[in-house]
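Below you'll find a set of structures to go through.
Note that subunit A is present in both complexes that follow, paired respectively with subunit B and with subunit C.
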Partner chain A sequence: MAGEKQGTLLSRLTTVDRRVIYLLMTLVVAWPMFKLVTLPVLISKEVAGFDREIEALTAGDHVIFAFDYEPDVMAELDPMSRAVMDRLFEKDVEVVALTLYPGGAGIAQPVLESAAREHNKVYGEDYVFLGYNPDWSGTMLRLGESIKATYPADQFGRDTRTMPILADCDSYKDVKLLVSICGSQLTEYWAALAGGRYGQKIVSGNTAVQAVFIYPFYQSGQIKGFLGGLKGAAEYETAIERPAFGVRGMGSQTMGHLLILLFVVIGNLGYLAARRAGTGGSGGVTGGGGRA
Partner chain B sequence: MSHDPSVWVTALLTLAIFSFLWRENPVFRFAEHLLVGVSAGYYVVQYFYSGIVKKLIVPVRQDPGTNWPLIFGGALGILMFARLFRRLSWAARYPVAFYVSSAAGYFIPSVLEANVLKQIGGTVTAPGTAMAAGTLPVVSSALLVLGVIAVLVYFFFSVEHRGPVGSLSRVGILYLMVGFGASFGYTVMGRITLLLGRFQFLLGDWLGLI
Partner chain C sequence: MLERTLPILLATVAGLFMAAQFFIPHPAMLRIYNLALDWKQIVFGCTLMLGVVSLIRFHWRKVARRAPGAFYSGVALVSCLATIGTAFFGIETGLYPWLYDRVQAPMQATLFALLAYFVASASYRAFRARSVHATLLLAAGAVVMLGRVPIGDLIGFDAGGERWSLGSLASWILDVPSLAAKRGILIGVGLGMISTSIRIILGIERAYLGQSSGEGQGRS
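== the complex of A and B ==
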C-alpha cells in the first residue's frame, strides 16, 4: 500500500507544471547573486594555455582581436572580451580589433572604449577598430596579404594607411597572436585559413555549446588555448587575478546545474515508478504536452 | 533603479519575451515582431554600407585607375537579382558559379588539412608525446586512440557488427554517449549563462538591487 502511494507520488512528479520548474530555476539562479556565493575556481590546461600565450606577449607586440559574436551570446563572451582586453592593454600590447559579424560592431566598441579609458590608450596609436568586413573567409585570407588593403578605412571611415598602429603591421607575419572570441564555428575557420595557411598563432574564447568542437583543434595544436563558456571566463579571470562576472556567475551556474540534475533524477524515478505501476509514464521531463 | 530610458526599454522588452514562459500572449508577440523588424533593418543597412558603399562605391570613386576591377565584382553581384525575372534568371548562374568555384578552391585544401590531416596527426603523435609526460597522460592518450578507432568502427557499415567488430562498435557507442553527455552539459551551462546575463541586467542595471 505504502509502495503504491510512493509510486503515485513519484509518477505525479513527472507531470509537474513547467512553470513551477521555471520559477524554481529563477530562484536558484538569482539567489546566489544576492548572497554573493563564490566558489573556488581551478584553472584547466586549456585556459592555462590561453593565459600562457597572452603572458608571452611583450609591450609593442601586435594582436588581432576578433569580436566574432553578436548580442545573443554577449552574456557568455563579453566577460572574456573584457578580461582579455584589460590584460592586453595592461601589458601595452597593440590591439587591432575587427569583427566578422554585422552585429559585432556594436559589441566591440564599448568593450574597447572602456578598456582604453581605464588604461589611457590612444585610438589609432595603441588600438584600432577596423569594424565589420563582409565575406568572412575572404577577410581571413586577405589579412595574410595586407591588413590595410583589406580594411582601407576603419569602422569610423578613417584612412588606415596613416594610422601609427598599422605603420609596421600589415599582415599576419607582423601579428604575434590572434584572439578569436567567437559564438560560432569561425574559430575553426581562423585555424584553417589563418593558422593553416599563414601559420598564425591562435587562441580563442568560445560559447559553451561551441567549446566541445574546439577540443580537437586544441588537442592537435591548431589552437594554443581556449576559454569555454562562462567557466572558461571565470578561470581566466582567476588566472589574471581580476574576478568579475565570470567568477561571480559560478555560484548561479552550480545551483542551476544541481537543480537540473535533481530534475533528471526525479524525472527518471517517476518514469520508472509509472512503468512499474503499468501506466507507462509521461515520457519524462519533456513529455506531457506543455507540462514537464 | 535606473533613470536611463534605454535601460527601461531593454528591461521591459526582456520581460515581454520572458512572458512567453507563462503562455503565448500579445505582449510577447509584439516584442518578437519588433526584434525581427529591427534586426532586418539593421542587417540591410550594415550589409549595404559595409559591402556596397565601403567596398565598391568609395574605392572606385577615390582611385578609379587602380580599383576599376571592382566594377566587375559589382556587376556580377547585380546579376544575382536576375533570378527575380523569369526570362533573365539564367544570368544568376554566373555569380553563383564564380562564388562556388572560388570558395571550393580555397576551402577544400585548408579545411581538409585542419579538420582531417592535422587531427589524424594529433591522434597518432599523442601517445609518443604522452610517454614522456608520465603514466596518466599515457592512459589518456591510449583512451583517445581507442575512442577514435571504436567510433570509426561504429560508423563502418560495410561489415556486420558481430563478434570483435560488434564489441568494438559498442565501445564506440559508449564514447559517443560520453560525447553527447559532455555536449549537453556544456549546452546547459551556456543556457544558464544567458539567463544569468538577463538577471544581472534586470536586478543590477535596471533595479539596482545587486
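== the complex of A and C ==
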C-alpha cells in the first residue's frame, strides 16, 4: 500500500506544470544578476588560441572585424565584441569593421563608438565602419581583391578611397587577422572563402550552439581560436583581466543549466516510477510529452 | 526554347569560368573574376528589393481581401513601410535608429530569450532514459551542459598531475565524438555541393529554373 502510494507520488513528477518551470527559470536566471555570484573561470585551449592571435598583433596592424549577428544573440555575442574591441584599441590596432547582416549595423556602431571613446580613437584614421553589404559570399571573396572596390563608401556614405586607415590596406594581404563574431554559419564561410582562397588568418566568436560546428575548423587550423558562447566571452575577459558582462553572466548561465538538469532528473525519476508501477509514464521523445 | 536554353547556357559558362579562374592566375581572368563578383553583388541587391516588393504585395493582397490574419499583415505592412520611410530622414539619428534600438532589438532579443523556457520545459518532458541510446544521449547532454559552465570545472579530481573534471570530459566529447560526426556531415555536404554544382553546370539540374531535374531533356 505504502509502496503504491510512493509510486503514485513519484509518477506525479512527470506532470509538473510548465508554468512552474517557467517561473523557476525566471528566478534562477535573474537572481545571480542582482546578487552577484562569482565563479572561477578557467581558460580553454580554444580561447587561449584566440587570445594568442590577438596578443600577437602590434600597433598599426589592420584587423577586419565582422559583426555578423543581430539583436537576437546580442546577449551572447556583445560581451565578446566589446572585450575584443577594447583589447584591439588598447593595442593600437587599426580596425576595419563591417557586417554581413542588415541588423548588424545597429549593433556594430555602439560597440565601436563606446570603445573608440574610451581609447580616444579617431574615425577614418584608427577605425572605420564599412557597414552592411548584401551578398555575403561575394563580399568575402571581393575583399580579397579590393576592400575599397567592395565598399566604395562606408556606412555613412563617406568615400573610403580618401580614408587614411585604408591608404595602405586594400585586401586580405594587408590584413593581419580577421575576427568573425557570428551567430550563424558565416564563420565557416569566412574560413572557406577568405581563409581557403586567400590564406587569411581567422579567429571567431560564436554562439554556444554554433560553436559546436567550429571545432572541425579549429582542429584543422583553418580557425586559429574561438570563443564559444557566453562562457567563451567570460574566458576571454578573464584572459585579458577585464571581467565584464561575460563573467557576470556565468552565475545566471550556471543556474539555468542546473535547473534544466534538475528537471530532467525529476522527469526521469517519475518516468521510471511509472514504468515500475506499470502505467508506462508520460512524455518522452517517443511518447509525446504534450506542450512544451 | 530560349527561356530554357539561355539560363542554362549562362549557368554553364559562369560555372565553368569560376572553376577555371581558380586555377589560372592570369590578370585577364582576374579582371573578369572581379567583374563577375561585382555583378553578383548587384544581382543580390536587386533580389533583396524584389523580396521587399513581393512581401508588400503579399500582405497588401491579404489586407485588401480581408483574409484571415489580415490584421497581422497590416501590422507587417505598416512596420515595413514605416521603417523604410524613416530611413530617408537619416540613419544615424532620428526615428530610424530609435525604431531599431527600442523596437527591433528588444523584440528579437525577447523572442530568442524565450528559448530558455522552451528548452527547460521540453527537456523535462522529452529527455527520457528509455533505451541505451537515449541514456547515452542524456548522459552526454548532461556532461556538456555542466561542462560548459564554470561549475563543471569544479566537479572533478586531480590525478597524475592533471585535472579530470566534467569540463575536461565535455571538451573531450566536443573534441572527439562530436567533431568526428560534424566532420563526416561536412564532408558529405561538400561532396553533395560538388555533385549538385556539376549537375547545374551540365544542365542536368534545373530546379533553379522552376523545373524538376531532367525535365524537358531531349525537347530543347
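A few comments on the model shown:
FYI, the second predicted complex is superposed on the first by the 283 of 292 C-alpha atoms of A that agree within 3 Å, B and C clash if a C-alpha of one lies under 4 Å from a C-alpha of the other, contacts with A are read in each partner's own complex, and residues count from 1 in each chain.
In this text, a residue touches a chain if its C-beta (ideal position, glycine included) is under 8 Å from a C-beta of that chain, and two chains touch if they have at least 3 such contacts.
Owing to the predicted nature of the structure, the values given are computational and were not obtained by experimental measurement.
In the superposition on chain A, contact is made by A:Pro152 with subunit B only, not with subunit C. When the two complexes are overlaid on their common chain A, residue A:Leu269 makes contact with neither subunit B nor subunit C. Contacts of A:Gly249 after superposition on the shared chain: subunit B is touched, whereas subunit C is not. Put simply, more of the residues of subunit A are touched by C, taking subunit B and subunit C as the two choices. When the shared chain is aligned, subunit B comes close enough to touch A:Gly195, but subunit C does not. Of the two partner chains placed by the overlay, only subunit C lies in contact with A:Thr139; subunit B stays clear of it.
Once chain A of one complex is fitted onto chain A of the other, the partner contacts of A:Tyr22 extend to both subunit B and subunit C.
By the touch criterion defined above, A:Ala48 reaches neither subunit B nor subunit C.
Once chain A of one complex is fitted onto chain A of the other, the partner contacts of A:Ala30 are limited to subunit B, with no touch recorded for subunit C. By the touch criterion defined above, A:Gly221 lies against subunit B but remains apart from subunit C after alignment on the C-alpha atoms of chain A.
When both complexes are aligned on chain A by C-alpha atoms, subunit A residues 22, 25, 29, 72-75, 103, 105, 133-134, 137, 141, 197, 208, 212, 216, 219, 228-229, 231, 253, 256-257, 260 touch subunit B in the first and subunit C in the second. Contact residues on subunit C toward subunit A in their complex (touch as defined above): 22, 30, 33-34, 37-38, 40-41, 43-45, 48, 91-92, 97, 100-101, 104-106, 108-109, 111-113, 116-130, 134, 138, 142, 145-146, 148-151, 153-154, 167, 171, 174-175, 178-179, 182-183, 186.
Remark: subunit B residues 21-22, 42-43, 46-47, 50-51, 54-55, 58-59, 103, 106-107, 110-111, 113-115, 118-119, 121-123, 126, 144, 179, 182-183, 185-190, 192-200, 203, 209-210 touch subunit A in the complex. By the touch criterion stated above, subunit A contacts subunit B in their complex at residues 19, 22, 25-26, 29-30, 33-34, 72-76, 102-103, 105, 131-134, 137, 141, 152-153, 188-189, 191-193, 195-197, 207-209, 211-212, 216-217, 219-222, 228-231, 245, 249, 252-253, 256-257, 260. The part of subunit A that touches subunit C in the complex is made up of residues 14, 16, 18, 21-22, 25, 29, 39-42, 44, 70-75, 103, 105-106, 133-135, 137-139, 141-142, 145-146, 149-150, 156, 197, 208, 212-213, 215-216, 219, 228-229, 231, 234, 250, 253-254, 256-261, 263-264, 266-268, 271-272, 281, 283-287, 289-290, 292.
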